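Consider the two complexes below, in which chain A is the common component and chain B and chain C are the respective partners.
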Partner chain A sequence: MNKNFRYIGKRIERDDSLDKARGKALYLDDIEKNNMLHGKIYMSNKPHAFVSINKESALKVEGVTHVFTYEDVPKNLYCSHQWFPGADVVEDENILQKKARFVGDRIALILGESKEAVNKGIKALEVSYDELEPVIGIDEAKKDRSIINGDTNLAFSKILSCGDADSAFNECDYIIEDEGSTPKVHHSAIENHGCLSEMDEFNNIVVYAPCQVVFQVRHIIAKALDYPYSKIRVKKITIGGSFGGKGMPILETVCAFASLKTGRPVKITMNRSETIMGSRSRNSTRIKIKTGFNKDGKIIARKIDAEVDGGGHFTNAAAVTMAMGKKAFRLYKIKNQVFNGKSYYTNTVPGGACRGYGSPQIHAISEINIDNCAKKINMDPVKFRLINAVDPGDKDPIGAPELGNARIKDCLIQGAEAFNWVERKKHIKRKNTSRYSYGIGVAAGTHGNGYKGAFPDFTNVNISILPNNRIWIKIGIHDLGCGTVLTMQQIAAEVFKISTKNIDVPQGDTFISPYDSAGTQASRVTFVCGGAVKKASEVIVNKMLENYTKLFGCSLEDIIYEDGYIWTKNNDKISYGDLADLVESKLESNLEVSVKYNSPGNPAVYAASFVEVKVDNYSGLVEVEDILAVHDLGQAINKTLVEGQIEGGAQMSIGMALSEEIEYRKDGTVKTDNFSKYHIINSPSMPQVKSLLIEDGEPGGPFGAKSVGEITAVTPGPAVINAINDALSCNICDHPATPERIIKAVLNK
Partner chain B sequence: MNKSIFTAPKSLDELKTALSKKTHNTYIVAGGTDLAVGMNKNKIYDFSLIDITKIKELKKIEYKDDLIEIGSCVRMVDLEDNEIINKYVPSLSKAASCIGSTQIRNLATIGGNIANAAQCADTVAVLFAFDAEVEIINSIGEIRKELVYDVIQGIGQTTLKDDEVIIKVIVKGQEANEYSSFSKIGARKTVTISKINACIKLALNDNKITDSRVYIGSIGVKAVRSLLIENALNNKVFNEELKEKILELGSKQVLDSIPKRKSKDYKKIAVKGILDDIFCDIEKRRNLDE
Partner chain C sequence: MEIKATINGDEIVKNINPNKRLVDFLRDDMNLKSVKEGCSEGECGACTVLLDKKAVTSCTLFAGQIDGCEITTVEGLEKTGELELIMKSFSKNGAIQCGFCTPGMIMSAKALFYKNSNPSKDEIIKAIEGNLCRCTGYNKIVKSIEEVRDGIEHE
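And then the complex of A and B:
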């Protein structure tokens, strides 16, 4: 592959980095509109209850203008997870609920002239609850004593399989079984949830949302309010992080409703506790894995039973279960495998996308189990993984798209070498003291590149070359802080041979962006949207060259174009913008193309993490002393952005492994409703993350690139747990491995 | 609606006047690191405040007649960096340095740490071990003294009356042959609330412990004095063997203090960690002295 790139892979600075660093970037909370009302959601204090509300006392508060409840809103059920009308879901959400299904469910909206008035209105509102028995946790849900929706708490179940696992277990030399759990995780984006909406002069509802999928927000609002799609303008604004948390509309429907109803701009914001309790979370799971293998280390059969806590509304109950299951078939060659996934309604915060979408959960347990298999036959865990890992070009055994240039073996081999794995494994115990135990661990993982094979995965791009030498790319992307805009700029820059500074890529706006089928989710943006930008850039560059030949009477071969200029031996350099001028005045045309791009596939990405931990035998606190994350990402578009993803993903993954959990009390209230109780890994506890990139090129990806942002949150955690188990010679499978769990494991050894 | 009044007295005299006008929804604020969180959580929107941080003498640390006087508005960051505290009450510097984040330590005050009376308050275990006293002023300007140990009655409960404010903490510094240290364990290394903490103060004659004070926090409504450990320390030689014995007694103390709490299973082991830290720290300080 040609690697003489001008822009691809380069550490180009983002256009918005200085503004963000200096606090100049405008976020939702910075935007004020004339005559704007402030709004706050009254969230249910009870996990499972019919609600009745007396508005009187709240309306008496000076400055409170409106109180809306279930009685006031349209009764069109929707599913906030549904990103296009064809996605098969259960619609069980209202703009405001009559029956609260979790502590944090939206039951009323209070509007007022100031934040203070609204806060006082919330305090004054009289709410009475007709309580039902709460269902907290999967075990309680399975009893079906108290039903949340329909006639059972089982929201979804699906079996995926290849070969015949049940009979293949009989042929195995060894069988290792493990069972573990993963927690509900809060995304911890620095910006809490918020939304602003207003009516424009044409009676369009304009929604300013820090969101991931403008067309999904439009769809859900259209559905909830029964308002024309073409009269809803959703603009993605600067976002203070999402990590999946802002994927589903939480406030958008109720905010749009309020503007429509009052005719005034309305801004609704949530604080941290409200965002933890009332938005979405990573689904918690309980996973049982049984793996059969031979004495030479070859896996023969595997059975996975996964139970998912879906929370109070259906949302992603099916999607996340399927996502988990599918990943189980794409990392190791396992001829006989069955995945049995079930998800349940519970009276807790609904599940939603969260960086990795099921991959962190399934790998959390499966990678511990793989280590235990290796241990059983005294084999190095890297070697065990290498024996079973997939190869480039392998097919998916359950019929999903092919794995593509799957480089997991390179990740393991090159990673082990860079980490000095073999030597460290030999000597790690020498570091032990009476106080501290040391261990090292490895884990591998896989993730996808979009929806191809499951859902429509296409996008539209419109590119124009404008007179002042600007390239204008319209595509429905959403920069969630990862540098998506710059990624698109670099891809286009490479094709155009022009600086990224000349390229403008406005973000998702349903009145500007051409339709995109699936939004900024599912690890599809670089692979699919980036592919689309590359394709459309090629089309318009060809158009530019053809027009040049018409204008200057030369052949295509004579043309040289570089750094935003185009010329031939016989003609002086003119800028692309000057050419656009000439095309308009001389050829009565303009340099603009619209291209529809269908994803060419859904290859897998791979990663392996290697870590060393130091465990305090007394406090049970774990320090990650060293971490190396190796990523098979095809080709980095911008190495600085990639490293940022790898570091941030490691922080989230280690957090899920060690300390992050939204904990519920038996009465359905949330224990960990702020950052002094919900413990993310903070900077003093964060190791310096080393990264190693395997850049072998993915044929279908733009310049060989595939996804990286989500898979970064998959392997560090299980590697940490494997290292802890190595340090303490125990088998911790429940996440997070809190100090209490670690001490318990040591005592029970 | 109640009128909100915000006052910032500049002297004790002005404070006295402000206190005399205090109503049921008037709060005393110094750092505000607990108050602001509590007001948000409890949705307190109508309130008055008396900000005591503008009274200069409440921000001083002074060494007077063998006693160290610490103004109640002295912040954690001041305790951390102050030479007098570092020399005479090093465990207080240590405790202050372990509290919350840098941002919190830049605001939180020693008076607030006492008045808030959290079970896990880090400076409190140290103040107990040093038999520290506080000076309290009321709305008619009377000043009374009370042991910190007695001021704190339970979680969030103190002997402070509605019109009283802590103005000073008085500590007798450690002698040349005395050593003290503090350690805590939370859910993570830094920016964390103590699950358990402790302060030990020892008097050593050569290698022999002649006197000791041991307080363990978060195993009772307020830090618990461990006579069990003190008795085992007194008249013993300070060495590794003694440390191992003390670690075991730490577990026993936890089980004695919270026999029924679920957290005992963890704390009985974790306490060994903080006792180990304290022993190592004292050992290090002794080596520096020699």
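And then the complex of A and C:
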């Protein structure tokens, strides 16, 4: 692969960061509109109850203008997870609920002339609950004593399999079984949820949403309000982090409804507690894994039983379960494997996308189990993984798209070397003192590149070269903070041979962006949208060259183009923009193309993390002393952005392993309703992350690139847990490994 | 109540509701939108501003408490030219992703430098322990602040 890139891989600075530092970037709550109403959702205090509301006292509060409840809103059911009309889901959400299904469910909207008035209105609202027995946790759900939706709490179940695991277990030398749990994780984007909408002069509903999929927001609003798709304009605005949390519309339907009803701009915001309780979370899981293998370390059979807590609405109950299952078949070569996934309704916050989408959960337990298998035969855990890891070009055993240039072995081999794994493993115990135990751990993981093989995965791009030498790329992307815009700019810059500074890529806006089938989710943006930008850039550059030959009577081979200028030996340099001028005046045309791009595949990405921990035997606190994260990402488009993903992903993954959990009390209320109780990793607890990139090129990806943002949150956590288990010679499988759990493990030693 | 305070270098005399939270006063009354709100209880640091050159969380203070004091936000640093080096360092090093934590981070770093012009890496890490960032894993933020300490200038 030609690696003489001008822009690809380079540490180019993003366009938006200075304005963010200066406080000039406008996030949702920074936008004010003339005549705007402020809104707040009254969220249910009860986990499972029919609600009746008396609006009177709230309406009496000075400045409160409207109170809306279930009685006032259209009754069209929808599923906030459904990003296109064809996605198979259960539609069980209302704009405002009659029956609350979790503490935090939307039951009323209060509007007023000021925030203060609305807050008073919320306090004054009289709500009475006709309570049903709450279903908290998977075990309770399985009893089916109290039913949340339909006739059973089982929301979804699916078996995926290859070979014949049951009989293959009989041929194995050893079988190792583990069972563990993973927590509900709060995305913890530092910006809380919010939405603003207004009616424009053509009676279009305009929605300003910090979101991930403008076309999904449009679809859900159209459905909920029965309003024409073509009259709903959703604009993605600057977002203060998402991580999947702002993927599903939470406030958009009710906000759009309020603008339609009142004719006024409406802004609804949530505070931290409301966002924790009333938005979405990473699904918690309970996973049982049984692995059969031989003396030589070869895995022969595996059985995985995964139970998923889907929360109060259906949302992603099917999608996340399937996502977990599919990943189990794409990391190791296992001829006989069965995955049995079930997800349940519970009266807790509904599940949603959360960085890694099921991969962090399944690998959390499976990578502990892999370590235990290696331990059983006294084999080094890196070696055990290498014996079983997939190879480039392998097929997916259950018929999903091929794995592509799967470089997990490189991750493990090069990572072990860079980490000095073998030596450290030998000597780590020498560091132990009576107070501290040291351990090292490794974990591997995989994730995807979009929806190909499961759902429509295509996008449309429109590119023009404008007279002032600017390239304008219209594509439905959403920068969630990762640098997606810059990624697209660098890909286009490489093709155009023009500085990224000359390239504008406006973000998702359903009135500007051509249709995109799946949005900024599923790790598809670099691979699919980036591929589309590369393709369309090539098409328009060809068009530019052809037009040049017509205008200047030369042949294609004579043309030189570079740094935004085009010329031949005999003709002076003109800018691309000047050429666009000439094309218009002389050829009655313009330099513009529209290209539809279908994803060419869905290869896997891989990662491995190597970690050293220091465990305080007295307090149960864990320090991550060292971490090396290795990523097989094909090709970095921008190294700084990639490292930023790896470091941030590690922060989330270590948090899930050690401290993060949305905890529910038996009565369905949330214990961890703010950052004083919900602990994300802060600066002193965060290790310096070393990253190593395997850049061997993915044939279908733009300049060989594939995804990285989500896979970064998969392997650090399991490596930390394996290191703790190494340090304490224990087998912690329940997450997070809190000090209490650690102390229990120390005492059980 | 009437308060007198210096906000970003300008003296103001204003009649305010002393029980208004400082974050609301700065954002809504003074239009200083760099001051972000992430948790409303002093835990995330997004609302960090300087009160007499010390970092405070403006969501846990009342506007009445700034009477006679000096308040600085990034808008103020920009006016005096003090933002330049630090914002460029953050930008160059990739310390800004979604950017929601950034103004608060910068104010905490600034407060540190007022106290100690040559802080160690550990002191830098400690100075931002109350500023949560979900995007960056802090590594690049710490590096940016170290480069400011070392006077490294970026284009």
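Basically, the second predicted complex is superposed on the first by the 749 of 749 C-alpha atoms of A that agree within 3 Å, B and C clash if a C-alpha of one lies under 4 Å from a C-alpha of the other, contacts with A are read in each partner's own complex, and residues count from 1 in each chain.
Note that a residue touches a chain if its C-beta (ideal position, glycine included) is under 8 Å from a C-beta of that chain, and two chains touch if they have at least 3 such contacts.
Predicted, not measured: the structure shown is a model, and the values here were computed from it.
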State whether A:676 touches chain B only (first), chain C only (second), both chains, or neither.
both
Going by the contact rule set out at the top, does A:650 touch chain B (first), chain C (second), both, or neither?
second
Once the shared chain is lined up, is A:684 touching chain B (first), chain C (second), both, or neither of them?
both
If you stack the two complexes on chain A, which partner ends up touching A:162: first (chain B), second (chain C), both, or neither?
neither
Could you let me know whether more residues of chain A are touched by chain B or by chain C?
C
Looking at the overlay, does A:175 come into contact with chain B only (first), chain C only (second), both, or neither?
neither
Partner chain(s) touched by A:545 [first = chain B, second = chain C, both, neither]
neither
Go through the superposed model and pick first if A:191 touches only chain B, second if only chain C, both, or neither.
second
For A:260, select first, second, both or neither according to whether it touches chain B, chain C, the two together, or no partner.
neither
Where on chain A do the contacts from chain B and from chain C line up?
271, 676, 681-682, 684
Touching chain A in the complex: which residues of chain B?
1, 40, 43, 45, 185, 187-193, 195, 263, 265-266, 269-270, 272-274, 276
Per the contact definition, I'd like the list of chain C residues that touch chain A in the complex.
24, 32-41, 43-44, 46, 73-75, 78, 83, 86-88, 90-94, 96-103, 106, 125-126, 128-142
Touching residues (chain side chain A, partner chain B) in the complex
62, 116, 119-120, 122-123, 271, 435, 616, 618-621, 623, 659, 676, 679, 681-682, 684-685, 738-740, 743-744, 746-747
Contact set on chain A toward chain C in their complex
11, 13-14, 16-18, 20-27, 29-30, 115, 187-192, 238-243, 271-272, 480-483, 640-641, 643-644, 646-652, 674-676, 680-684, 686, 688-689
